[in-house]
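Shared between the two complexes below is chain A, which pairs with chain B and chain C, respectively.
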Partner chain A sequence: MKRNIRVSRVFLYLFLIIVSFICVFPFYWMIVGSTNTPIQIIAGKMTFGSHFVENFHTLFNNYDMLRILMNSLKISGISVILILLIGGMAGYGFQMYKSNLKEKLYGFFLLTMMVPFATLMIPLFKIITKLNLLDTHFAVIIVSAVSAFMIFFFRQSFINYPTEILEAARVDGAGEFRIFFNIFVPSMKSTFAAAAIYSFITSWNSYLWPLIVLQSNEKKTTTLLISMMSSSYTPEYGVIMLAIVVATLPTIIIFFAFQKQFVQGMLGSVKQ
Partner chain B sequence: MKKSIVCLLVIALFVTIFGAAGAEDSDGKITVWAWDPSFNIAIMKEAAARYEAINPDIKIDIVEMAKADVEQKLNTVLAAKTTEGLPEIVLIEDYNAQKYLQYYPGSFADLTTKFNYNDFAAYKVGVMTLDGKVYGVPFDSGVVGFFYRSDILAEAGFKAEDLKNITWDQFIEIGKTVKEKTGKYMLGFQNTDGGIMRIMMQSAGKWYFDEEGKPALIGNQALVEAFELYKKIVDSGIAKPTNNWNEWVGTINTGESASVTSGVWIVGSIKAAKDQSGLWDVAPVPRLSTVDSKNASNLGGSSWYILDKSADKDAAIDFMQKIYAGDKDFYQTILINNGAVGTYLPAATGEAYSTPDEFFGGRAIYEDLSAWMKEIPPVDYGIYTYEADAAIMAQMEAVCAGTMTIDDAIKAAEAQLENQIQ
Partner chain C sequence: MGKKLSMKGWLFISPALILLAVFLVYPIIYSFYLSFTSTKGIISSFVGFKNYIRLVKDPMFLLALKNTGIILLIQVPIMLISALILANILNDRKLAGRGIFRTAIFLPSVTSLIAYTILFKMLFSFDGIINRLLLSTGIVDHPLEWLTTPKLAVFVLILAMLWRWTGYNTVFYLSAMQNISYEIYEAAEIDGASKTQTFLRITLPLLKPMILFTTIMSTIGTLQLFDEPMNLSQGGVTAATMGPGNCFLTLSVYIYNLCFKYVPNFGYAATVSYVIVFIIAGLTVLQFWAGQSNEEKDAKKRLEKEGKA
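Coming up: the complex of A and B.
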């Protein structure tokens, strides 16, 4: 019996090692690539090279990398705050309050998840031009600030919340906003952390909509920069790889910073 | 009730704050959309600097994007029919130009009387002509060269003279000798890539469509021969099979293959392997043998278009006239700095064109290439080049494997194309 367990352990580890190798390999190649020249990358060189400094100089001198990084951080940061605020409140409202229209409205919101973005793009673009918001970061943020998926996500994780706590607070005379911010949010920290990571990554990686509404070089985001660099008769692969490394760092940092909460959030915050 | 009023007020506030900040000031600013930082964009920056020196009141703002992104944005803005957010000038790839001209009539400025189009390569002007009107400013040429490693071919017993003005059949025979004597491949080849096929077709002045833009694959002898050549290249073993662009460029840079036949823009990639300096040479592209065909063809290239409803249209036209159709020195600079062969013919006699290139064993390759450029047969690319390409290449695997005859493949491709474009 014990032996069997040991043998299956070996296979389990073997399997996990292979899977983690497959997961880690692109990252390895990306980092290695950022230290090599385009020719070395094309030739399939898999070891660290000596061109990191050169690539670094090209990236930060020829392209406005720092500003573009700040643009992405600004858009993603503000988007996350708005998504947490709006999505959190909406999810809370849908779950905790009673109303006859509630479920119909909720169903309607969920339906909007089924409309592909491509069909919304042209009308949205027209609205944004009418509002004079073309080529502003606000145009990117406002569209991503309300997400039906996040409302759905919040509501689902709020289902098990013991409403007795809220009622007790109400009896003690706390207002609705105070209950939400001072009692509810702190106890659902991990749900909000999970939502923050998810929406940050979505916003950080968003591509199509920023492409359509952002017009000038100064407003660009990292995804647009990387895409621009790769479209070339002779692409500078080393520099592109480095740009991808730089663009990946914030997501990695945020993920590791919130990792514990993220896992908890996925499991559910409050247990009765 | 109170809440909704507050909501409205907040929205109104946001709109005014950000709205004011977002209003675009379009006076005296020419916006350009383009791709490729080391080529088109670098060249446009050079042009902008030259124009701003003549006309300091104008500022030229070049927005850098990926090629697919330029197309996506242009489609969205034109489909939304807004005039805001339009650039003055946009770069469009030649194969796709007719698509934009025909899908969005009235969107591009009619430049017929603004430029002397006899000054530009004839094949290039055809690309941007619709119903007798010309809508663009011809830019870079994709004139094709048969670039080869003179050292490897000499080792196999071939001199430069033996490689001039040959047919593709001779090319394959030479390749076999090279493979036999040196062990090197003649070329890197992806048999599902339509590049070589488009080169072959244009050298015969043929394309995938008839004069009305209808698919004309069946009965197209140039296409039949191109199909046969694809199969022969694969069967003869002279080609190193590659799966993508990187591998393909890799076969040149690593010295695995002895030649590459492609647009002049490939020179940048060839020269990236600095250790191969002096070992390269160029000859005219091979021609077809069963149809009337020239040792001159084109692959890729793009041109500038001016948006008719953009705010500073007239300034943009003046800019293009002064630099792209007037400044010969500009064309020398971009040839030296970016390896760009312009299609403005008066510039092709300049000094930069006749300077010997050490990388190519002291040959003034651009002089040759621009001479071949004038010979390129004009072709109407129509609006479905890429669709036709995909339909044909979908059958190529079966043809090369010998499980399908070329006649059947062409019939299947035409059926697929008809289906797709209806």
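Coming up: the complex of A and C.
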């Protein structure tokens, strides 16, 4: 009986190691691949090569990767700030100043989360064209700043906040906005951090809307560049892999640095 | 709450309200209106239910519906069951190195959809390393045309999606499992329950709300599938067909094509997009209904009966 348990334990670990290997292998492969030539990658070379500098040069000179990275950073950065400000305020407004009408509106916005982006895409494209915002980063930012989901996320995280603190501040004569910015936000840092991480990664990885709106090459984002590179008829594997490494690096760094907030951001919407 | 205070609440909400009104509510309504019009270039005319009737006879739409349905029905159940099993394994406090395993399994979820799709496209290319591995181990005697054979291409797509999303769902289940008190498990162990029994009789029922949530989220996500099929197909956005035999033509890809690849017909594209809305709404209601326990259903029936009596 005891032996049986030990044998099954061994199989369990073996299973977990195989699963973990499958999960991690593509990461290893892309990092190694970014230092190799296309021929070496196709030949299945699994060790670091000496082609990193060439790949780097091609990526940053021929494809203007630095500008593309800056575009992505600008779009994601501004989106995050807007989402934290607008979404945080809205979540606070819905939770701390309840009224019948507000609850009805809130319920309606929850329902809109079922509407796929494909449905919004056509009218959004028309609005952006009318406003003469086609091929601008602002068009990408403004659409990603509108998120019913983030309002929902903020409100869910605000539910357990002790309102006595707000009442006390009110008695002391503090204005509503001062209470929000000077008392409430600082005490909810971890919620805002989780929201920032979640929305940064969503924006950083977005593809469909930037694909529709951004047309000129110098406006493109990292996801658009990688997609474009890989669909060419002679894909330069090493350079593509380096581009993927560069584009994935920020999210991996954020993940390892803020693992707890990262997961909290993901789970925040489903408090049981 | 005082009226004045409630008014001040609107100040906090109004920036979001304005943006949501313009960029969310208006598009939803306008899209619905568009679904009853036909647009060719700049000329737009009201056509009533013509677009909806056209759907039934449109082979491309039916193909997109079928492709999306196949991916949904195969990928989501496999993914959620695997995630449940993995979470159950990782929830064992006696497991050594569970932090490392957890991190490894979650890691794929940080990649962008484009990045992992293209990595899989390279892995499974004709001269790629998967074919090399299969050849060298003698599993196949000639390289497989993964991405140019319809069935194999869909297989690769599903495999890639499983790689990207299983760990993501595992984290959801794991967090729900950690909310279950450990004493229940200890009591079960003392009573001599086997591990399988404990999983089926204790963990699974307590996880029902989370299973419902992940099922709905994955269903909504898969019905909107766009990035992966678009980038897994040869030639990407500009390709003539979406994968071999159009096997990657999902509903969202078809909508994109209707708007930006063929002569734009925004009206008909809106109709197709509303089909997704109706499917999502229908499936969500169905899943909520199925997610209720039998006792809840019985209680409801009893209430209804009492109401009648």
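We take it that the second predicted complex is superposed on the first by the 229 of 272 C-alpha atoms of A that agree within 3 Å, B and C clash if a C-alpha of one lies under 4 Å from a C-alpha of the other, contacts with A are read in each partner's own complex, and residues count from 1 in each chain.
Keep in mind that, in the parts below, a contact is a pair of C-beta atoms (placed from the backbone, for glycine too) under 8 Å apart; a residue touches a chain by one contact, two chains touch by 3 or more.
Nothing here was measured: the structure is a model prediction, and the numbers come from that model.
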Combined model on chain A where chain B meets chain C, clash or fit: clash
Which of chain B and chain C A:86 touches, first, second, both or neither: second
Chain touching more of chain A, residue-wise (chain B, chain C): C
First (chain B), second (chain C), both or neither touched by A:75: neither
Which superposed partner A:251 touches (first chain B, second chain C, both, neither): second
Touching partner for A:215 - first (chain B), second (chain C), both, neither: first
Chain B versus chain C as contact partner of A:234, first or second or both or neither: first
Partner chain in contact with A:136 - chain B first, chain C second, else both or neither: first
Contacts of A:242 with chain B and chain C, given as first, second, both or neither: neither
First (chain B), second (chain C), both or neither touched by A:97: second
Which superposed partner A:196 touches (first chain B, second chain C, both, neither): neither
Touching both chain C and chain B, counted on chain A across the two superposed complexes: 41-42, 44, 121-122, 125-126, 142, 208, 211-212, 227-228, 230-231, 237
Residues of chain A that touch chain B when the two form their complex: 38-39, 41-44, 62-63, 121-122, 125-126, 129, 131-136, 138-139, 142, 208, 211-212, 215-217, 224, 227-234, 236-237
Touching residues on chain A, where the partner in the complex is chain C: 12, 15-16, 19-20, 22-24, 26-27, 29-30, 41-42, 44, 85-87, 89-90, 92-94, 96-99, 102, 105, 109, 112, 114-127, 142-143, 145-146, 148, 151, 176-177, 180, 201, 204-205, 207-208, 211-212, 222-223, 226-228, 230-231, 237, 240-241, 244, 247-248, 251-252, 254-255, 259, 263, 266-267, 270, 272
Touching residues on chain C, where the partner in the complex is chain A: 1, 5-6, 8-13, 15-17, 19-20, 22-28, 30-31, 34, 86, 89, 95, 100-101, 103-108, 110-116, 118-123, 127-129, 132-133, 163, 167-168, 171-172, 175-176, 179, 209-210, 213, 220, 223-224, 226-227, 230-231, 234-239, 251-252, 255-256, 259-260, 266, 269-270, 272-274, 276-277, 280-281, 284
Contact footprint of chain A on chain B as seen in their complex: 14-15, 18-24, 31, 35-39, 61-69, 72-73, 76-77, 79-80, 82, 84-85, 246-247, 249-250, 253-254, 265-266, 268-269, 272-273
